[in-house]
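Below is one structure; the comments refer to it alone.
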Amino acid sequence: MEHQLIRRRIARRAAQELRDGDVVNLGIGIPTLVNNELSPGVNIHLHTENGMMEVGPSPPPEAADPQLINASRQLISELPGSSYFDSGLSFAMMRGGHLDVTIIGALQVSQRGDLASWAVPGKTVLGVGGAMDLVVGAKRVIVATTHRTKEGQPKLLPECTLPLTARGEVDVLVTEHAVFRFEANCMILTEIGSHLSLRELKAITPAEFQVHPQLKVVNRKEVFQ
Amino acid sequence: MSVQQMTAKQAVSRIESGATLMVGGFGLSGVPFKLVDALVESDRRDFTLISNNIGTPGQGLGKMLNTGRIRKAIGTYFTTNPDVGEAYQQGRLEVKLLPQGTFCEAIRAGGSGIPAFYTPTAAETELAEGKEVREFEGRPHVLEKALKADVSLVKAHLADELGNLVYYKTARNFNPLMAMASHLTIVEVDRIVPAGMLDPEAIITPHPFVDILVTE
Amino acid sequence: MEHQLIRRRIARRAAQELRDGDVVNLGIGIPTLVNNELSPGVNIHLHTENGMMEVGPSPPPEAADPQLINASRQLISELPGSSYFDSGLSFAMMRGGHLDVTIIGALQVSQRGDLASWAVPGKTVLGVGGAMDLVVGAKRVIVATTHRTKEGQPKLLPECTLPLTARGEVDVLVTEHAVFRFEANCMILTEIGSHLSLRELKAITPAEFQVHPQLKVVNRKEVFQ
Amino acid sequence: MSVQQMTAKQAVSRIESGATLMVGGFGLSGVPFKLVDALVESDRRDFTLISNNIGTPGQGLGKMLNTGRIRKAIGTYFTTNPDVGEAYQQGRLEVKLLPQGTFCEAIRAGGSGIPAFYTPTAAETELAEGKEVREFEGRPHVLEKALKADVSLVKAHLADELGNLVYYKTARNFNPLMAMASHLTIVEVDRIVPAGMLDPEAIITPHPFVDILVTE
């Protein structure tokens, strides 16, 4: 499926933002794919906000333990060096700035780095979870999202129209078409896929952004694959 | 006070209708199912529930919802049970949503004698509406009040006879916090062991937080 | 020594306030003696604020461990059911109302239940420790103190003149001469030693107190011994 | 970031003069003596020290006091070392006293992203002078600010290679709190064991709080 491939490409590009040894929390959606797309030589420490460090991969069915899950309620496993803690310490770790990176999905991102990721339009909003704490607390916030919604609506906007998760906290934004960085609430294009022109990118990006003087043009097949 | 051991049925008979209840668990991990079932079988109702989520349809706290016991729910993520949305839409259920870190911290505060604290989380968002905001280190922070309850229903793995608790993997989650934050803490455990059998360095909830142990 | 005997008598009378199963923190001074004066059938759970429940007795010298101490920096031992925790949880336990009783010494107690216990007159005050949290947090605050200072100055006063530990938190006050209870900020004499008259007690007690209608007169030799 | 292993001398070379330091320990239990000694042997000075007490004369932090390294001390109980009183009287040492529970809670807050909280402790006493007071549940509460540091010197018992920590009996005290509350956390341990050797349920400080391990 083209859609699945795009999601994987976004995850792989987001994974390239990670450094060896980073303590990382991966949000629901595309971010959960990041762990399978790590660059060679990059080992990360996975945190799950329901109270565990060193999250291991999904176990084989015979070893699955329904009490051992990640924040997406997926079955996980222990690794050497895993630790368990209560949700209070887990969020203290997040809010206190002890996570190096969170990779999180988005409904909308504004040009000043605001994130809207929890309240779906037209639905009663009955869930916020841990996203607000993650985004406020992690040292680096990487948003990994498709450039537009499934319906083709833009997600990168001058202002978010959906309820905010946090204001001005996004550091890096990775889509299937481009990579943006935020500095002093300015959105800067640092990387663009060779499959589209800057003009084409601007046409699908209502957010106003600057173009980095060393803009990288990358072959989507190579880098985003 | 020394802890008491009793059945789930006896334990939940201590809970009054209209009480504020904390119930541990994240998803279906670390939920005190026996205590919830015993409560569903009782005639108690009209609860204010403090729990991260309300189970899934017909499971765990979902049973309490479906039998109309919950008047108000305070939590972070009710999306996993569509029955919650339905009850809310029909006006059968009041919902108060908190960011999960604020939810945890408010419960810990409730158990720790801290009536209120400031957090950067949710500042300048809808969830801060109507709340006091104050700047610290140049950043807006929201004043959040402690959460306390009449009764906590907690799931632990092992208890010793004194009531010291250890938990099991990610089933720990909110349970140790909730064990601190109510007048009556009822703990469902897999097994009770003699005092001295748990490693003193590894006890997560010391017994002064615990009132009743239930195994059955 | 008469002084030591008086201290032990005060400790024994304070111990009679404890109920079987109480979770108790014993302060420095006379309160530390309480654990040796427990009534038969009364077993208590001892908390020390530096992070331990079920504090055991001083070990024999060959078993002493300098890392295992109580808040008075005395060597202690483990019991079955002992647990260790950090100072944060220890004070959360205290301030959050999870201790049944604290027995604490006093420099002064006022007739409305204020306690002054930390700032010694004429000295630079460089230590407060955990007393304020104990007195604010414990469900019952029992003060165990000599009726007057070593120099014969009164300790039970209309108002404390020394810096306060907490205002209006004392529930029970035990001295070598009497027991007082505080209700709605009123000081009530409930027990007096048979070795002195009410008039004599009032003469050494500037604090104004009511006399309980069922005032107990107890033989100091029997009850306070 | 992954933890680094180095000697005490190398570790303290990361500390700059004028830094704010947290140092664990209650009395002489749980003090990172090797780190303190290495710091005394260095040329660093002018520290703001956050520690419950300042050792005893010539022992532990007492050495730092006697060699004139401490400009200001924030803690709860300096009475056990008469040298502190002398330094204070002579104007060589600034002292800020906090109730011990407030001290703990402020450090935990500092490590947890909570800039300030309200506590009933010290309300209507001298130690609340100059602080904001506010009523909650009809009782006055004091607004207390979080404590944070540039560097924490922590004593743990065992670490695994990842930096997960367990402590030893009452030597735990303030150490896990201080491990959370600074930019650089240096931990003196008795021994480093391979990853997987510590019980995941019994790890007190997970490795994201730890930067440097020192054994020597």
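In order of appearance the chains are A, B, C and D, and numbering begins at 1 in each one.
Going forward, contacts are C-beta pairs under 8 Å (C-beta built on N, C-alpha and C of every residue); 3 or more make two chains touch, one makes a residue touch a chain.
Chain identities (UniProt): A, C = 3-oxoacid CoA-transferase subunit B; B, D = 3-oxoacid CoA-transferase subunit A.
Keep in mind that what you see is a predicted model, and the values were worked out from it rather than measured.
Peer 1: Looking at C-D and A-D, which pair shares more C-beta contacts?
Peer 2: C-D
Peer 1: Nearest whole angstrom, what separates the Cα centre of chain C from the Cα centre of chain D?
Peer 2: One centre to the other, that is 30 Å.
Peer 1: From the C-alpha centre of chain B to that of chain C, how far is it in Å?
Peer 2: 35
Peer 1: Quick one: chain B and chain D, Cα centre-to-centre, how many Å?
Peer 2: 32
Peer 1: Which residues does chain B have that touch at least 2 chains other than itself?
Peer 2: 105, 108, 112-114, 119-121, 167-169, 200-201, 204, in rising order.
Peer 1: Do you know which chain A residues sit against two or more other chains?
Peer 2: In chain A, residues 78, 84-85, 91-92, 94-95, 136-137 touch at least two other chains, as defined above.
Peer 1: Let me know each pair of chains that touch one another.
Peer 2: Touch list across chains, by label: A-B, A-D, B-C, B-D, C-D.
Peer 1: Across the complex, what residues on chain B touch chain D?
Peer 2: On the chain B side, the touching residues are 105, 109, 112-121, 136-137, 141, 145, 166-169, 199-202, 204.
Peer 1: Taking the touch rule as given, give the residues of chain D at its contact with chain A in the complex, in rising order.
Peer 2: Those in contact with chain A are residues 1-2, 108, 110-114, 160-162, 164, 180-181, 194-196, 198, 200-201, 203, 206-209.
Peer 1: Write out the stretch or stretches of chain C touching chain D in their complex.
Peer 2: 48-52, 65-71, 73, 76, 78, 84-88, 90-92, 94-95, 119, 123-133, 136-137, 163-167
Peer 1: Considering only the defined contacts, which chain B positions touch chain A in the complex?
Peer 2: 26-30, 52-53, 76-80, 84-85, 88-89, 95, 97-102, 104-105, 107-108, 119-127, 167-177, 204
Peer 1: Inside the complex, what are the residues of chain C that reach chain B?
Peer 2: 20-23, 45, 47, 53-54, 78-85, 89, 91-100, 136-137
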